[in-house]
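In the two assemblies presented below, chain A is common to both, partnered first by chain B and then by chain C.
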Partner chain A sequence: MITLTINGKTVRAREGSPLLEAIRAAGVEIPTLCHHEALEPWGGCRLCLVDVTRPEWKGWAKMVVSCMYPAEEGLIVQTHTERVVETRKVVLDLLLARCPETPLIQKLAREHGIEKSSYPPNPEPTDCILCGLCTRVCDHIGVFAISSVNRGAGREIAPPFHEAPPDCIGCLACAEVCPTSCIPYETSDAKRTIWNKTFEMVRCPTCGKAHITTAQAGFYAGRNGVPRSYFETCDACKRREMAHTFSKLSAGAGGVR
Partner chain B sequence: MRIDSRERFGAAVREALAGREGHKMEILVCCGTGCLANGSQKVAEAFAEEVEKRGLKAGVGLFTKKTGCHGFCERGPLVVLQPSGVLYTKVEPRHVPDILDKTVAKGELIPRLLYKDPATKKPVEKYEEIPFYKNQTRVAMRNIGKIDPADLGDALAHGAYAGLAKALFEMTPEQVIAEVESSGLRGRGGAGFVTARKWKAARKAAGERKFVLCNGDEGDPGAFKDRSIMEGDPHSVLEGMVIGAYAVGAHEGYIYVRDEYPLAVVHLTLAMAQAREAGLLGRDILGTGFDFDIRISRGGGAFVCGESSALMRSIEGKTGEPRQKYVHATERGLFDCPTVLNNVETWADVGAIIQNGGAWFAAMGTEKSKGTKAFSLVGKVKNTGLIELPMGTTLRHIIYDIGGGILGDRPFKAVQTGGPSGGCLPESHLDDPVDYEKLTEAGSMMGSGGMIVMDDRTCMVDVARYFLRFLVEESCGKCVPCREGLKQMLAIYDDLVAGRGRPGDIERIERLSAGMRLGSLCELGKSAPNPVLSTLRYFRDEYLAHIERKACPAGICRDLTAYEILESCEGCGVCLKACPAEAITGEKKALHVIHQGKCISCGACYEVCPTDAIRFFPKAELAEAAAAGRGGAS
Partner chain C sequence: MKRIFRVTIERCIACGKCELACAFAHGSEGKPSKTRINIFRRGPELGTPVVCFQCDDAACAAICPTQALVRNEATGAIEMIRERCIGCRLCVAACPFGNMLWDEAYHCVQKCDLCGGDPKCVPFCPTHALEYVPADEAALKPEPLVWEETARTGR
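Moving on to the complex of A and B:
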């Protein structure tokens, strides 16, 4: 563990862990849009910017994104300096112009004193903030069904060639992780549709609940030697089965003490 | 012959020199991309054919050679005769027999092919007497235009790999780094990081596997120095990289070349094959036991891939997007291994530095910027092309003495350096010495050496908009300030040039620029406001004219500019023919008239009028005149 200063308060943190963790642990709130604990930090939304300095830098400070900057011994972190707050405002102002109708962005902007963007609102309002969480979670699972396409102002999230993505397994991770809930999907006991691709559902052999798609079961089956049947059983039933097994084992060993 | 010892290296050089002893005369035909586009391939073939037909090789020892870019692309195809040093410009295949009959056989000059000095209007005979060349000092480009890039022997005869031999046979890696350190060499890609510091860090970094990379993704509009080096003297790049690899202890390297440079890829690939066969690259280099090999990685044409982290991602086979890194590439770069990335020109300097010593290099330049620097001089100057000069040369010297001044002797307005990351400097900065610090202080930057000269018919608002349009296309779009910021910035500029500017626009531009500068992920976004802020700093009145008076002082923004013909019109009809909108009428030898309703404000008439009888004025005046009931300006 190392010691660093956040807004004048001395805190301890794991060396090399993202500064953001230490900041949040210290009870300081800073907004983020592209960060998720389960995924590699990405540094795209720029909202978690902070000023860092050291005594030996003689007053010089640099602005870094706290989701990626590693916690170091003796670091002095300021999360709300004038230029940090101003830059955050510029970013939110720009995002509000892009997504004028998105509640999450409206709320964040309002919290930073922006009621209306100083730029003309997007004539084609979108809820997608291009935070990249959907594509990153998809890559992380190992599916690689969607990605960002095109560059710059034309950047968007899409399956290859804007067609139903052949690799998609319908797991909904992208939709679940999306902070603005802008990836539409439909799911029922029989079918699930996302990215214009429709999947058959698998029913849990024990309780009959439709909980994953056949494509998901097929994708997971055989991984690390785990058979398909394991994934076809729903989580609740798996837990129940596990509980039974444990209680049997403990009964055989003389009961729970 | 594989060179596997010091003696063999000396023998190889002697052999290469001896092979050229029969070359009593040489005809050098520039086959750089610029000259090729002007048809130099046909010229070279015509020379080779005629020389063969006439048996001049055996007869008088006349040899022809296809070389890399001579730099004076404006006048291509270029042909140089050696040893006389006569330079012929704009040579066509039909001139070939004449050149052989007169100049080669009798020593007579052909005046119409000679270069004419625009200042004195007199033809200049010799290559080295032309101001464009006379004022240059070439280090990185030392052999370009002299050697056949496809011939290793020719390169060896001109001193290639002598620095490598010295490094490998006489110096330890630490000594190599010390020599480069004493030269004061800084990154020629534009940021100006001290090269030796990078090498030292990578040498110290833990890890068995280390990489040495060459950045050949030159993407600034108007910049082409790296292309010319890779095309014209690929061996200088290879030599530098092998020396660098030896210094940091790397065994693998990549040259990242943009795919728009096919000739560079061909010449590099050929040079690498020849160097490998000769024992100058690959396993057991020069028999010293040192292994280092290079692969070429071809970029897909994304400007942002010139940024180091994006370049490395691209080589790794991932999407070429920058990655925020708070660890230096010298510790964790390509494939998370210690990596040294240098620009093409930096690598080309290294061999010469080792060969001649760091002190020799450091003797040129300014206090903090040592040595020479290559620039692509383009825009409204008389002599456009590729130049190399000691650091600290003034912009005035570059533009007026080497560039020959402004085209058509119009007034100078600004010079843009550093590409989309750089800025525009006005006349008051013409006497600034060109070095890293001075350019940055002035609000521009060294960048990759593009230098775009602009005359009075340049609208600075429009120039800033041009770079914004470039960047909107080239931003990867990963981070919000760059992606959304550039889009909104361009929208403001689109309004400015269309007469929709509003009070407060300047403040909005400044605020957004500050946000992008502080908030963007990589240098592309951080430096994107430079063209905006530098034009705002030096040409604020032009912005105000666009906003307050809806006027473009340079007469470039079409929506703000109208043209009319003055009483002094002689009725020559040239403008009438040039007008693409058929907006001009008039009888021969009578005053012509522009019909405002049809005029598209393209300015074609203004450009061609031989008597300067056309003037431009703010379009807003037309409406004012109409309102005043005077019937309009036409």
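Moving on to the complex of A and C:
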């Protein structure tokens, strides 16, 4: 454990852990959009910027993204200096210009005193903020079905060649982690559609309810060394089976009918 | 000493108080139909409460791609870390006992976390069908309650 100063308060943190962790543990709120506890830090949204300095730097401070900067002994962190707040505002101003109709961005911008973007509005408003969470979660699972394509203003998130991604297993993780919920999908007990690909569902043989796709079952059956049928029965039916087993066990001991 | 649930199904009268306590404690919209403890109703006033076993070698934790299901060493419960859940629902399919529940309202899974070592359902059980006892006592048959003794002896 090491000791550092956050907004004048002395806190302890694990050496090398992201600064953001220590800042949040100290109870300081700073906004993030591309951060997810389950994934490696990425430093994409630039909202978690902070000023760091040391006594020996003689007043010089540098701005870093706290989600990627490792906690070090004796570091002095300022989370809301004038230039940090100003930079955050610029980032949100740009995001608001890109996504003028997205409630999450509108809310964050308003919290930072921006009602209307000072940049020309995006002629094609989108909800995607290019935070990369969807592609990173897909890579983390080991599927690699989607990625960011093109560069600069034309950058977007898409499956290869804008076609139904052959590798996608339809787990919906991308849609679930998306902070602006901008990845459309449809799911029912019969089929699921995402990224223009339609999946068969693993349906419970008893009641027909489904939680995962057959592609998902195949992927994880191979990885975890269990048969695909392992995933078939739905949770409610499994609970009923278990209750039956218990009743039978008790009945065997002369217990219940 | 680690404590676990002891469920004496002969005592369960399927009143649903444990489900209600769970629904209120965990805020799954406060609906008794969406709780982490579920009574399977075998007939009028006959039930089998079903709740997570906190398995030693848990399938849910093994399959989770983001290590969102972690054992709390203090309570022995496998807890779901909301910030790490990516909503892939694999644990729901993987749990062999059906005790991982998909919550459509919150878009995450719900599972019993023993309420941090003090299960809220237990004190609400009027017939002591549900008890929270030290692990080494859990396999013992519970002491008969007064009404059970009365039913047996007729006095």
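Just so it is clear, the second predicted complex is superposed on the first by the 220 of 257 C-alpha atoms of A that agree within 3 Å, B and C clash if a C-alpha of one lies under 4 Å from a C-alpha of the other, contacts with A are read in each partner's own complex, and residues count from 1 in each chain.
Keep this in mind: a contact is a pair of C-beta atoms (placed from the backbone, for glycine too) under 8 Å apart; a residue touches a chain by one contact, two chains touch by 3 or more.
Keep in mind that what you see is a predicted model, and the values were worked out from it rather than measured.
**Q** With the two structures laid over each other on chain A, which partner does A:K238 touch: chain B (first), chain C (second), both, or neither?
**A** Only chain C; A:K238 stays clear of chain B.
**Q** Would you sort A:L49 into first (chain B), second (chain C), both or neither based on which partner it touches?
**A** first
**Q** Does the superposition put A:A217 against chain B (first), chain C (second), both, or neither?
**A** In the superposition, A:A217 touches chain C alone.
**Q** Once the shared chain is lined up, is A:W195 touching chain B (first), chain C (second), both, or neither of them?
**A** neither
**Q** Regarding the shared-chain residue A:L172, is it in contact with chain B (first), chain C (second), both, or neither?
**A** Touch status of A:L172: second partner only.
**Q** Identify the overlap between the chain B-contacting and the chain C-contacting residues of chain A.
**A** Touching chain B and chain C on chain A: no residues.
**Q** In the complex, go through chain C and note every residue touching chain A.
**A** 7, 9-10, 38, 40, 42, 46, 48, 50, 62-63, 65-68, 81, 83-90, 92-102, 107
**Q** Mind listing the chain A positions that touch chain B in their complex?
**A** By the definition above, chain A touches chain B via 43-46, 49, 63-65, 68-70, 83, 86-87, 89-91, 94-95, 97-98, 118-120, 129-130, 132, 147-148, 150-155.
**Q** Please give the residue numbers of chain A that touch chain C in the complex, ascending.
**A** Contact set of chain A toward chain C: 36-39, 137, 140-142, 171-173, 176-177, 202, 211-212, 216-217, 220, 224, 230-231, 233-244, 246-247, 250, 255-257.
**Q** In the complex formed with chain A, which residues of chain B make contact?
**A** Touch residues, chain B against chain A: 302, 304, 319, 323-324, 326, 471-481, 483-488, 491, 508, 511-512, 514-516, 518-521.
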